[in-house]
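Chains here go by letter, A, B, C and D, matching the order in which they are written, and residues are numbered from 1 within each.
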């Protein structure tokens, strides 16, 4: 049963991710990404990370992607014009980048193969309590720093997006 | 029980899709979306390892990745708006003035 | 679904009563068959698609809107044994699901390719994003008292009474949170006085201007479903869920919790309708200011005070 | 009310004043600033007085009163408390410091009234009071050092108070640097104390020192080394040979500062320190002898310079140096009580003299040259009267404070075992000199015809009451201070009393010296005004040596400053800095520039090119881990 669910959501995630690239219009890409996010969240649940799964949906799908869709609608973007290539100078990138990427994948695969598959006996579920406990004790400083990061990003976004300050 | 390998391979595939998207697409929003794909792939590995080793730290890290993603999306989209306002285009290859 | 349909009848009757006019009373006794007639009418309507609409998204939007609204019912406990599933993070699950509902509105508005829907959709998305913050934050105080994210456990944590007659409900511990929650919830469901996204005088009907027939009905149902959802969440968080006096023979004791729960929700719905009937709509900038400058700080202050009290006791 | 529980407030009260005046001063009115400045010191004085009187009634077993407030430093076996100690010595000192300090604060409200830096002045002055009281009340050497440094800082700030004037800032820097040399000695002494006695707390150190063997004359043991290093510190702070040079220059500061810091309190810190460490010095006769010799040399040396100075404050400054030498002479002779006694009387009459001089300068509109004064007796009657009292007191005329303390010092020196008679003769000569230059100053300033012109001075006037009242009070102190039985009260075991006849003989000698000085001054400047010039031309070489202060500043310049300067410029600057440091920095810059020139071609401006580099880097990193 779990295997079936895994393959279902894995296929959904990969398919949606490919769809993100395949779509001509960014709005469709964004929607495809939302599907992918939800699939990944479902995978989180399979991994006993319930809290994180829900948070992933709330933050990513509920906030970040809404922002994307919002901006796309705000700018009322047209679909990508076909055949408009940036410059021929960048063609070599495809020649180099794709092999590099595949090489990377192969190496990751090799690494994965090296990872010992010993299942850990201690079963752990990512409850809100466990995460909160760890976040507010061991990771308190990074946590506070992220709040600073968010603040800076907030101000930066306002500065960039405002027409004239 | 699903072996760890499967998750890792899935994450690698997703990551590769993100990388490809970043290299092959020209729309800056699609580029940002590709970055989100990559981040999610990484999140998946974190959670997979976290569940494998029974350590909560991996999930904490996903938390931080989420925060960074949110910040990145906010600033990135602000830049997109500014860029679109100035150039009427979201093609990243058109904005190449910042160079030697 | 039927209950949702009858909520519409209730709303129309109550508003009519407030406005001193009869309201729908022709179809069946006291107009009780009116929702059925409405449904029939929606089904039989012609399917209109605007000329330059994005057809795929145009059709998808009502579904995207309705599905999360219905889905969130799955974790709400209507009684001690009356729930579909209980996840340990069910409250967050509800929030996650309802936060997806905004896509329906946004896509609908955008896919119609028309200016009023687009404006309405933009307003709706901005408004829902803003108020979701204070909605979520207002709940945190309750969670700190209840020590759980599970809705069922939250309800059980509110059993019993103080001094024998005051029910042990969170509304008495978290009055500020309750007020913030109710106000944000009204805004979150795009109801008056916060229905800027579909304000008839400015935007015709907002994001569903171009919708008709069954697709319109789905939007409509989604809105009422959301109302019921936030009302039941409010009931669970602040009014003790299905808790209430229990008496009578065993079958009554079985049924009573659900009866209590439904009647509490009903109170909320009634309050919604009364608010709609009595309060005027506010301006858009006022709406945003109110959300960010009043509700959000209030919710944060509530969290601070609550955590202080919890930490000290 | 138990005053000893309020000891902490004595230093803290002026500190509060300093903080308030320093932070809010620019917004407060001058009267408020003055009230805060003087009021906080007055509070300290009241508490000091209460604590002092209460202490007198304590049985001897309860002495000293120690209050430890908190552990200040705890590192390994090193341990220092933040605590205060009240005994007869520090009780007397806090009375002097707060009492004289309060009077001078009151005086300053009048003197500094038209200065734009009014609040700054009071903030510094209060800070000084805090540091000085910490120094005096400290119960260990480290805390004393804190106060020691604090008074040095305030002295620097106040000398350079008029920082627009180059000579003032130079004088401030000079004082600071010269003091640094002395402080170095002090901190070395503190380290050595800790190293030897494993503590810096007075009680433990003195208890441990008592069990040390006496180090006979000529032997330099640990205790002698400690004492000598401490004395180096004292020479810096209390302006003894060879580190006295900063004090005359310090007269660039406002006159109340000269009175408070550079006459009455701070410069006596060295004397206090030696008196405080009496148990150590008693173990090291060699160190005592050095102290006595340096003190005597300084006394005669500075007095001789003072003979020919024409600046009113410079005369008083050299006089101070000379009197400090006296105090060290007393300490060196083992008569700590006499030294502290003289410290107290000196605080009265020297503060009085300085404030009187300030009053004169104030009235003359800033002129300090006594050759341009004269005849001020009628214009400034109260200043004249109090100044006269001060002069009589410092000159050692019988019946006034200075006579008693000086006489006691000379008697003690006579009795001291090593070179006692020679040192006594030097002291006596100094007393004669002192009498001479002080009466010269008095006569030139207040008697005779007015030598100033009306272009120079528009309106010679008496000073306001806020300046005169402190003068009067100090004058009373200068008269009455000598009748207090300070030495008996301090309870140092004094040297075995000389026979009454010898004592009377010595007393007669010192009276004779004082009167001789008076007579010569009268002869030179009243009866035969042409004689000074004739003598000056007759003994030309001697005179010019004296007017140039023995060329000490020039010698220091040539021996210490110039070599330093040349080394810095020729070696440190041109070789080390320009060639080595600059070369390294520029070279790195050049390297980065040229490498950046090559690398900048990576910056194509295309986002995806950058991404490609990132990807390549990622692949490399993964490859490294997979190796």
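Criterion: a contact is a pair of C-beta atoms (placed from the backbone, for glycine too) under 8 Å apart; a residue touches a chain by one contact, two chains touch by 3 or more.
All of these numbers come straight from a predicted model, not from anything done at the bench.
Trainee: Based on CA centres, what chain would you say lies at the far end from chain A?
Mentor: Of all chains, D has its centre farthest from that of chain A.
Trainee: So using the touch definition from the top, which pair is joined by more C-beta contacts, A-B or A-C?
Mentor: Counting C-beta pairs in contact for A-B and A-C gives the edge to A-B.
Trainee: Could you put a whole-Å number on the gap between the CA centroids of chain A and chain B?
Mentor: One centre to the other, that is 5 Å.
Trainee: Taking each chain's centre as the mean of its CA atoms, how far is chain A from chain C in angstrom?
Mentor: 30
Trainee: Report, in whole Å, the distance between the mean C-alpha point of chain B and the mean C-alpha point of chain D.
Mentor: 70
Trainee: With centres defined as the mean C-alpha position, give me the chain B-chain C separation in Å.
Mentor: 34
Trainee: Mark out which residues of chain A touch at least two other chains, giving numbers and ranges.
Mentor: Correct list: 51, 55, 63, 67, 74, 86-87, 90, 93, 97, 101, 104, 108.
Trainee: Considering chain D alone, which of its residues make contact with at least two other chains?
Mentor: 604, 606, 608, 612, 615
Trainee: Could you list which residues of chain C touch at least two other chains?
Mentor: In chain C, no residue touches at least two other chains, as defined above.
Trainee: Given the complex with chain D, which residues does chain B contribute to the contact?
Mentor: That would be residues 19, 22-23, 28, 31, 92-93, 95-100 of chain B.
Trainee: Considering only the defined contacts, which chain D positions touch chain B in the complex?
Mentor: That would be residues 600-601, 603-608, 611-612, 615 of chain D.
Trainee: Going by the contact rule at the top, pick out the chain A residues touching chain C in the complex.
Mentor: Per the touch definition, chain A meets chain C at residues 27, 31, 34, 50-51, 54-55, 57-58, 61-63, 66-67, 69-70, 73-74, 127-128.
Trainee: Considering the complex alone, what residue numbers of chain A touch chain B?
Mentor: Listed in rising order, the residues are 2-3, 6, 10, 13-14, 17-18, 20-21, 26, 29-30, 33, 36-37, 40, 43-44, 46-49, 51-52, 55-56, 59-60, 63-64, 67-68, 71-72, 74-75, 77, 80, 84-87, 90, 93-94, 97-98, 101-102, 104-105, 108-109, 112-113, 115, 117, 119-124, 126, 130-131, 133-135, 138-139, 142, 146, 149-150, 152-154, 156-161, 163.
Trainee: Quick one: which bits of chain C touch chain A in the complex? Just the residue numbers, please.
Mentor: 57, 87-89, 92-93, 95-97, 99-100, 102-103, 106-107, 109-110, 118, 121-122, 125-126, 129, 132, 149
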